[in-house]
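Reading through the structure tokens given below for one structure.
Order of writing sets the labels: A, B, C, D and E. Residues in every chain begin at 1.
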Amino acid sequence: MSPADAAADARDVSVELGPLRRAARWTVWEYLFWLLPVAAYFAFGDSLLFLSQIAITALFALSLDLILGYAGIVSLGHAAFFGLGAYAAGLLAKYGMGAPLLGLVAAAALAGFAGFVSSFLLLRGNDLTRLMVTLGVSLMLFELANKLTDLTGGVDGLQGVVLRPLLGRYEFDLYGRTGYIYCVVVLFALFWLARRLVHAPLGLGLRGVRQNILRMPALGVPVHRRLVLIYTVGAVYAGVAGALLTQTNAFVSLDVLSFQRSAELLVMLVLGGAGSLYGALIGATVFMAAHDLLAGLNPQYWQFWLGLFLVLIVLFARDGIMGGLRRLQAAVRRASRGSGAGGPREADEP
Amino acid sequence: MTIFFDGIASGVLLFLISVGLSVTLGLMNFINLAHGAFAMFGGYACVVLLNRYGVPFLAALPLAALLSALLGAVLERVLYRRLYRASDLDQVLFSIGLVFMSMAGANYFFGPTQQPLALPAFLQGQIHLPGLDAGVYRLFLIAVGLAIVLLLQWLVVRTRFGAQLRASVDNQRMARGVGIDVDRVFSLTFALGSGLAGLGGALGVEMLGLDPGFPVKYIVYFLIVVAVGGSGSIKGSLIAALILGVCDVAGKYYVPQAGAFVIYAVMIVMLLLRPQGLYGRRAAK
Amino acid sequence: ADLKVGMVLPMSGPFAAYGRQILDGARLYIAQHGDTVAGRKVVVLVKDDTGVAPEISKRDAQEFIVKDKVDVLAGFGLTPSAFAVGPLSAQAKVPMVVMNAATSSVTTKSPYIVRTSMTLPQVTAPLASWAAKHGIKKVFTVVADYGPGHDAEKQFKKTFTEAGGQIVGGVRTPVKNPDFAPFLQKAKDAHPDAVFLFIPAGEQGVAFSKGFKERGLDQAGIKLIATGDLTDEDVLDAMGDAALGVITSFHYAEAHKSPENQAYVQAYHQAYKGHRANFMSVAGYDGMHLIYDVLKKTGGSAAGDKFIAAAKGDAWVSPRGPISIDPATRDIVQNVYIRKVEKVDGKLQNVEFDHVAAFKDPGKQGS
Amino acid sequence: MTELLRLEGVWAGYGSAMVLEDIALTLREGASLALLGRNGMGKTTLLATLMGAARLRRGRMWLRGADLARVPPQRRAAAGLGWVPQERDIFASLTVEENLAVAARPGAWDLAAVYGLFPRLRERRGNLGSQLSGGEQQMLAMGRALMLNPRIMLLDEPLEGLAPLIAQELLGIIGDMVRQGGMSVILVEQHARQILPLTEMALVLERGRVVYDGSSAALAADPGRLDQWLGVAARGATAP
Amino acid sequence: MSSALQTRGLVKRFGGFTATADVSLDIAGGARHALIGPNGAGKTTLVNLLTGFLAPTSGSVLLEGRDVTRMAQHVRVRRGLARTFQINQLFPGMTVLESVAMAVCERRGLGARWWRPLAAHADALGEAAGLLRQLGLMDEAHEPTAKLAYGRQRLLEIALALATRPRVLLLDEPAAGVPAGESRELFETIARLPREVTIVLIEHDMDLVFRFAERITVLVNGAVLAEDTPQSIARDARVREVYLGEAADD
């Protein structure tokens, strides 16, 4: 026992834990939220391929949220892991190992390994530096995949991806029913894990890293190890998302590694609001839906309207949609209580 | 020797199209990913002036810069100003939104195709010296680049305006407290950054082409230069651009198989060696 | 019921010009020939796939099939889109008219695919033969470092060396490339008779040909030869006088001399002010022509098997010259022309001076 | 003597939160005021309101007869206010010398005079603001305000973090400024006993309201009230 | 008693400027040691060198007899060396309890646990709550740090350091910005720490220093000018000349 133990012996187990417990508990809103994909299955049965792509992108955004929203690592190259996962699953399926779950595991392993290795490049430097290093890594990977045409098919894409039925039983059908259910189940499972993670001490420590990375070592936190860990986890998630895309499309194209994909992902996450998990899901959904809707209405100039939408969001709802919702919620609560406190709880510093 | 010269010219071109960002991102700390949109605006302004109004090239360049600066000043007044205090991520989202709008706008007004640009005869061709074939336009770029560096270096480092700008970025409230007109300083600086972007865009049309995809096509290069040079350092940007240009050109000439990798590899290595950039004086926010 | 044609095209992003041109061509055909064929009203639906984003192409096509219940899929600006949608067409037995996507193997991805554009080997091989025959002994190749570039390089080398020519060197240039100086210098230092070029049309083509002149390669007696997409009428004006003298091989030129083309070009210019007719627009035009032909033959049915059976062997005179659909491969058979960029009435044009008639895609002979 | 600064019925705060309520005060040309109160009572907020950095909700302020509320924040320095904020707010990416010169206005206080007062700053003149020790930052904040050659110095706990020797010197300087009457001073301090002897007037804030407005000497002589408002009596005679 | 913290010939240069000039210190276990000196003398720099926040140009640091010069900050913390910062280094978006619980979890080796929610780690939370009670921060346990008044934030700064259960604690001007009344309470809390805990204090308020310290080191221009008992330091003419002035007159 260290000498200072005596000081802490004035333990007080009776501290009020209500707020902490509440933060970790599932709320009604969350249950309702997860009913949406179920409802969508019945409401939009004609667009299931699109819906599964939303689910995949949401998972991808979730993976970025883990590293950006919780650990504060800005990345403009997250597509690297997405792409690795996509190719891993695609190549396996091309060479006869088309069992979907096997593809997921392989993609997770490969992307995770790459994330682990590249995370060591990110330990020093400021945001801009990290942005550029992640970007550089992913661009080099892109060029590599582009050059290795024999392996990857280059810009023409990887063909001959043949998938076995899911669990040996469910074929991927033209309507995309199997694919959709598959994607949503994987998304939910991984979300659930991520949710546990961020409410556990690890998640708390990561928020600490994001808010004040200088102070953390002085509390005995091995910051580097934490960054490596979460970056690897993020890469695994991204890899799984990539594999899902391959499996629902039966095709891999070079653009899984593209800069545009990374950049768009960042936009989606920021749009939804970083650091709340749900922001990632909402951001991906809203962005893709808006994109699809606008492109449908105005195939040539939809970009203008999408851009306008983003600009307006920033002008009128800081911290993305989740930030806006939180402020709305706080306002409603204040109004209903007459007055009083209750600002946004997770108001991390800018 | 010719390769070295080409590398320098290529570096100066990189510098010219990025220096505006070095001002808005580096000095003002605004993550202005819409930099390329201002550059594109300058490019279109130059092309329109040349082709539609027959303005001579040497006059069209400063005019394009001026128009871009005006556009920058207006947008600063109505939009950017509200976002100085927003988080980095909000600034990213906002400026990407502007990029989308500008791309669609350019598509609407000018169509999706490349814009033609004919240089005046005296800027075409090569000068042949012993051991060196120097493109005239490349020489011209180098001259303009040097002029800009000297001008900016003087403005930012030697004048009180530069100090006032940095003070305003560091702490707006206090800058007002000591009597600095922060709004004016920001407007002027943003206009300067936009003007430089416009000038870079106009100068770049000849070598980079011009179509509505311009703002995203070269965004990576802008960012590389600023990151490697160090936020807020004009000198750093120039040196970074030169190193990148020379490495890129030499790499492509001598090891063409690795052509695409050279610039990224150089960037990553330099950033690992100097995480704050060559002349980085502080973390970007 | 209406005949729904679902077109998947890049309407935004870097390839937006392609999408617009293909669509313009297709719409021009409908405008000229009435919007009813075999008793069915033709309705064109368009979805934007933003360029190289096969998952979007696939989802667009899937929604066309299951939601809009289209009869025919059409468009496809880029190869990956066509590849991604191919299996869908096979699974749903929906005919798919490819109006650009130029990689040779596209038509093998579904038995219901038919192509009205061209293939890359198809326009590359004739250039190599022509060069070998016309005093060009040594060639330096410059191709973009990606699949199509590799294919073009391979095809050119093969045909050219078989015809007795010699490749004195070559480089593959990065797909994103702001400066061609080192490659041009390398080409110049190799002292070839000609440089064979294959890079994405657009700013790269413009930059390359400008650099070619600036660096004095033309004065050194080096010719620039390329596939015709380099001097596509759509970018030709942006290239300016730097393009003069470039020799290309291609299946269509705005300046092609035939009554069909004259009528076509005139109608096109009238319908779309300020735009030039090019190979993209013709592919869309001919694609629509094929659909009309087939429906007349089948009496209004667009069922996959019937459609393809009727399409096989279909032949007509297009603005580009006589063309037909190869019954074996469902690919297009057409004349390939050798052209040179010249000024005609103050406008840059690809002027044809030689051709190979009824040329089939050599890419499929090998496989 | 002429009136320099007058506040009437001032209510102010941040955003929608009100911190100051109904403040009134008058300051003659050349006079000095001790602004006292416990933590969080609104001292800093009052200075911030004068500088335009907090929101004036109600009431009026005049500086030499001119309506201060109409002067935008960036003009208040020119109007004669020199501010040494509590958190120092040094410009981190400017060197010491640039910090001093960036907004200097002509007058008795120039670089040489400030360096004379704080020789330490001369030694560190090339350092960036972010590379200064805590105390050096405090000196720099003071020097920067002096370089504006203001009519009123607003000093928010200027002695905090200064070594005792420097603190004594600075107190001396402030005393001189007050005595010579060239510059007026509003001085916020935790250590009331140190500054009451230097100032003529004192103002005590409690929960954003004025609870004492009168002569410093009278307040210093009233340990009971000092203890009640400021909790300083217990410090006894050991105060430095 | 054996020494808790030692330095040997410690030097730190920033470019051409020497902030720490050949400092050799020996601080005994359980000491109540104060570090004083003029502004810019290098006190904060010395703390930064001791904790590994800065790497020395030359020289070494020994913690309880073992050379830790090359050790990362967090390893030193795990070996019992903690500090507070002159300028608050807190987590503005976290509540007070969360901040302290985070530090406690880390010390208990729970920092990488990712399965059970924080609320389920009752022991750690209990300990964190104990610390808050000890520093009188219990009422604000669930307040976000950003909303705390400055003085309260200084207390949290200390609570975080205590959460690592240090055997050596370095306090850099803990009372700066804390009003007179509260700073006294603060020092009483510090004084109540177990005797075995070695405490090194930097402070410009001589009143507090002389009341608290048993030994004092005076730094000037990066070098040690004197080290002695408070009484002798107060009488030392050199110290009076460069630092104290009349402040030591009692």
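Here is the rule we go by: a contact is a pair of C-beta atoms (placed from the backbone, for glycine too) under 8 Å apart; a residue touches a chain by one contact, two chains touch by 3 or more.
According to UniProt, the chain labels map to these proteins: A, B = Branched-chain amino acid ABC transporter permease; D = ABC transporter ATP-binding protein; E = Branched-chain amino acid ABC transporter ATP-binding protein.
Computed from a prediction, not measured in an experiment: that's the story for all the values here.
Think of each touching pair as a link: the shortest run of links from chain B to chain C has 1 of them.
Here the chain-to-chain distance from chain B to chain E, counted in touching steps, is 2. By number of C-beta pairs in contact, A-E leads over the other of A-C and A-E. In this assembly, C is the chain whose CA centroid lies farthest from the centroid of chain D. With each centre defined as the average position of its C-alpha atoms, the distance from chain D to chain E rounds to 30 Å.
Inter-chain spacing, taken between the CA centroids of chain B and chain D, is 44 Å. Rounded to whole angstrom, the centroid-to-centroid distance between chain C and chain D, based on C-alpha atoms, equals 76 Å. We define each chain's centre as the mean of its Cα atoms; on that basis chain A and chain B are separated by 32 Å. Along chain E, no residue makes contact with two or more other chains. Those residues of chain C in touch with two or more other chains are numbered 12, 16, 20, 145, 174-175. The set of chain B residues touching two or more other chains comprises 104, 107, 220, 260. Interchain contacts (touch definition given at top) occur between A-B, A-C, A-E, B-C, B-D, D-E. Within the complex formed with chain E, the chain A residues making contact are 2-17, 19-21, 23-24, 196-197, 199-205, 207-208, 211-212, 214-223, 225-226, 229, 343, 345-349. Across the interface of their complex, chain B is touched by residues 51-53, 73-78, 83, 85, 89, 91-94, 98-99, 101-103, 105, 128-130, 144-145, 148 of chain D.
The touching residues of chain C, counted against chain A in their complex, run 9, 11-12, 16, 19-20, 46-48, 50, 52-55, 58-59, 62-63, 65-67, 79-80, 83-84, 87-88, 91-92, 103, 109, 145-148, 150, 174-175.
Within the complex, the chain E residues that touch chain D are 14, 37-41, 43-45, 86-87, 149-151, 173, 176-182, 184, 204-207, 242-247, 250. Across the interface of their complex, chain C is touched by residues 2-3, 6, 9-10, 13-14, 104, 107, 111-118, 124-126, 133, 135, 137, 206-213, 217-218, 220-221, 245, 248-250, 252-253, 256-257, 259-260 of chain B.
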